[in-house]
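Right, one structure below, let's go through it.
Lettered A, B, C and D in written order, each chain numbered from 1.
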Amino acid sequence: MKKRIFAIISKAEDGDLASAIFDYSIMALIVLSVLSIILESYQDIATKYASLFSVFEVVTVAVFSIEYIARIWTADLLYPDSKHPHVKYVLSFMAIMDLMAILPFYLPFISADLRFLRMIRLFRLFRLLRIFKLGRYFTALQIIVHVLKESAAQLIISVVICMFVMLFSAIIMYTVENPVQPEQFPNVIASLWWAICTLTTVGYGDVYPITTVGRFFAAVISLVGIGIIAIPTGIIAGGFSNAISGSEQKKEEKHYCPYCGKSLDK
Amino acid sequence: MKKRIFAIISKAEDGDLASAIFDYSIMALIVLSVLSIILESYQDIATKYASLFSVFEVVTVAVFSIEYIARIWTADLLYPDSKHPHVKYVLSFMAIMDLMAILPFYLPFISADLRFLRMIRLFRLFRLLRIFKLGRYFTALQIIVHVLKESAAQLIISVVICMFVMLFSAIIMYTVENPVQPEQFPNVIASLWWAICTLTTVGYGDVYPITTVGRFFAAVISLVGIGIIAIPTGIIAGGFSNAISGSEQKKEEKHYCPYCGKSLDK
Amino acid sequence: MKKRIFAIISKAEDGDLASAIFDYSIMALIVLSVLSIILESYQDIATKYASLFSVFEVVTVAVFSIEYIARIWTADLLYPDSKHPHVKYVLSFMAIMDLMAILPFYLPFISADLRFLRMIRLFRLFRLLRIFKLGRYFTALQIIVHVLKESAAQLIISVVICMFVMLFSAIIMYTVENPVQPEQFPNVIASLWWAICTLTTVGYGDVYPITTVGRFFAAVISLVGIGIIAIPTGIIAGGFSNAISGSEQKKEEKHYCPYCGKSLDK
Amino acid sequence: MKKRIFAIISKAEDGDLASAIFDYSIMALIVLSVLSIILESYQDIATKYASLFSVFEVVTVAVFSIEYIARIWTADLLYPDSKHPHVKYVLSFMAIMDLMAILPFYLPFISADLRFLRMIRLFRLFRLLRIFKLGRYFTALQIIVHVLKESAAQLIISVVICMFVMLFSAIIMYTVENPVQPEQFPNVIASLWWAICTLTTVGYGDVYPITTVGRFFAAVISLVGIGIIAIPTGIIAGGFSNAISGSEQKKEEKHYCPYCGKSLDK
């Protein structure tokens, strides 16, 4: 029976109807759960259907709890070679997300604060990630993840450089603009908000320099901003270019030995 | 005679004057039709030349209708190997667009609502796509379409990741900013508008966070926004990089050994 | 003497001091001329030093005129193999720019309108392009021009697709938003302004949708905007990737004949 | 003893505890020093803990001064082959930054102006760059620096083209918009602010064209802006694409013929 339950909660094999029904039901419940977060944000809907939302919440948490326990129980079938399969599963990323999505509802002191509760329920969004495992775009996702992982070190350095430039810009801008617009640039942290808006080229327009010196520095920083965006884009583009050409090259490449002339491709 | 009509409505062969005249007349009518949509949006012009616009509309729909019928009639010449050429043509993308551009004018209950009618007439814009078939840039378009198709799965995944991040950002921002600016962030859907404006770096500046916590999350989301843009750009750049190098490699591939004169391509 | 004048106005050879002095004097005069356009835009400076600006203008036009005549006169030394070297030179891009920069000052009916005159003087900016010929970054510029030329057809198609999407967006947005904000979206052309601001992700924030339907379409259009930017970026990135790897590959590539094993690289 | 001091102030070798403690203490002091700049920007904190900030400042400058002198003293061990190791070190980039971070505090006429002093203290941010030398992401940084250096000439040309387009746009926009909005476009330099905001797609929304002619030019300039961003992104992407594929190719290059066993690499 344990094997059967494991088969059901695992990704459905072709022809296993019960497992497929289970997969899609859980998916539907996650989507509905996220939808209920959106709907509850409408004041009038939240008040009108308050009891409905409560019931749905209880049902959702109950189902997710049973699923969570079942997954831990069958962890030894998931990791047959592991010494401590249950511990290993509990500490996996998806299991922690699953726990975060249900745990707060068993802790009354947390669930008392409605705002904090909503934040916690956000973890259910991560449960949506399971959808990717079902879909036929899984290979495409794996390529994206692979490219990002390959260039992770360079991307982290770009972010660090970006933060360095932001801090630098913020301190300069605070010094230049604070005496003229103390409301907009009250301190370095507030000035950092401007720096981020500018370097990411979002540019809301709530804070901007008005002095000539400030505008000069802002112009230089904006131009640097293009570079700041260009570096990670370039890294990722380079990564994809090689990921694609690498897979194509393997197919097309033909090598011959210069000594005996025989083909080196088998 | 059917063959002659088919030759005329198909893309003009060199020297077939009647067909070329037909092609360019239809193109001119489509462009004029789009222009009339633009001009009618000016209140004073629409009122002044109301009758002129009506007459032009009737003429346009009449010509497009005749063309549509002629194309269905000659569909068996377009798809000589197909069992049901007429059905196949009617269900093709361009034929559906053509139908959408004329059908509403035969349905009085639709054409009664002027606003809806204008939306429907937008389908004529799609008829503009036929221009691409005439132009000399057709090869360049085919390369773009080819690259986008090749990386379609990865681009779809990027869009899905993007939507996931947007929903996530919107819920966080609603939770943080709603108590302070209930007007700007009344619910999650309104908050989603902010998330889209920020992640695409458009940043109109109609909605932006004012709390410190909100600004912190907005800063993180903006930086993620750069990554969100960088991924599809990287995918497309990688695609083009390989499309160009691939086509160049094929040209250069015809080599012969200068010593024994044998072809090096197998 | 003609040969000497030609040597002076051409790009200076090493050691030719007179030619080098001429080159840098003309450059300085062009830069000063552009600077005077900027300075004259300050109302108080323009009024205070009005006579100075007039004298400088006369001197500049006089020098540029003499240079222009000298260049035409020596055109037969520039194009020794051409049948009509003077005509060929007069019709070259740089010569037309040079003429545009001086001609208006000999036509009193044009120079009467100060605003139009300023626009005309902008052609002097194009004269700045001569600086590139002097500089040591000329090779880098040639690579950029080469890559842009190689992908010109695809870039043009991207711009056409971009305009198509803009027109489409503008008509939808006008239809949706006009009844609610007739001031912001009075007609399709005004709506096009919004579409351009959004698709290029500039987002000034002077015009933005306020209806839910409008925001939904704006969100879709913003996301399409990322793609619209990603395509030309991808094309250019692909072009540079191949331009660089192409030049490197030539150096590193080693081919061997599969039949006789001899090196194919000489 | 000199050798020991040199070992301590140099990057710590494995097992050298004193040196590691020194490295991380200096890092901590730099980070704290930057933090104090941020904290002092809060008016109330600056007033309340004025004496604390003064003491911390004196301590920081004292430590940095001792470190600076020690580094100069041991410069002959850093550059054993140089004739003038002390002069060489004093003129190195990091040494100049180090000096800039302490020198102003010994010059009373500079330290009198508080605002200027804060700007000067920004040089301490550059001292943060030393962190990169410690970190394990040093290789990733070197690749980024290498790619940027390789494409430096092309990037400089892009910036020059960008500035050319900006100046051009500013003069056109001033001419078109100045008569209608003299407040927003008072002169060419102010108009340049608009051009930079638009071409970098930041778009604060503090200045934008309102005339139809101005909007037309702004639309064209915005579209050019996409290209302006696409060129450096493309250059950097191309550089990374080749840097990655180049390093991968080198690793894979060691092949042997399976038939005759000879090395295929020469």
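Just so it is clear, contacts are C-beta pairs under 8 Å (C-beta built on N, C-alpha and C of every residue); 3 or more make two chains touch, one makes a residue touch a chain.
Source: prediction; values computed, not measured.
Listed here as common contacts of chain C and chain D: A, B. Over half of the residue-numbered contact pairs at B-C are shared with one candidate from C-D, A-C or B-D, namely C-D. Here A-B and A-C were compared by C-beta pairs in contact; the pair with more is A-B. At the far end from chain D, in terms of centres built from Cα atoms, lies B. Overlaying the C-alpha trace of chain A on that of chain D calls for a turn of 90°, given as a multiple of 5. Centroid to centroid, with C-alpha atoms defining each point, chain A and chain B lie 30 Å apart.
Put simply, the C-alpha centre of chain A and that of chain C have 41 angstrom between them. The set of chain A residues that touch two or more partner chains comprises 189, 201-205, 229, 233-235, 237-239, 241-242, 245, 257-260, 262.
Against chain A, in their complex, chain D makes its touches with residues 34, 37-38, 41-43, 115, 118-119, 122, 125, 128, 137, 139-141, 143-144, 147, 155, 159, 162, 189, 192-193, 196-197, 200-206, 228-229, 232-233, 235-245, 248, 255, 257-260, 262, 264.
Residue ranges on chain B touching chain D, taken from their complex, read 201, 203-205, 233-234, 237-238, 241.
Partner chain D is touched in their complex by these residues of chain A: 150-151, 153-154, 156-158, 160-161, 164, 167-168, 171-172, 174-175, 178-179, 186-189, 191, 198, 201-205, 208, 212, 215, 218-219, 222-223, 225-227, 229-231, 233-235, 237-239, 241-242, 245-246, 255, 257-260, 262, 264.
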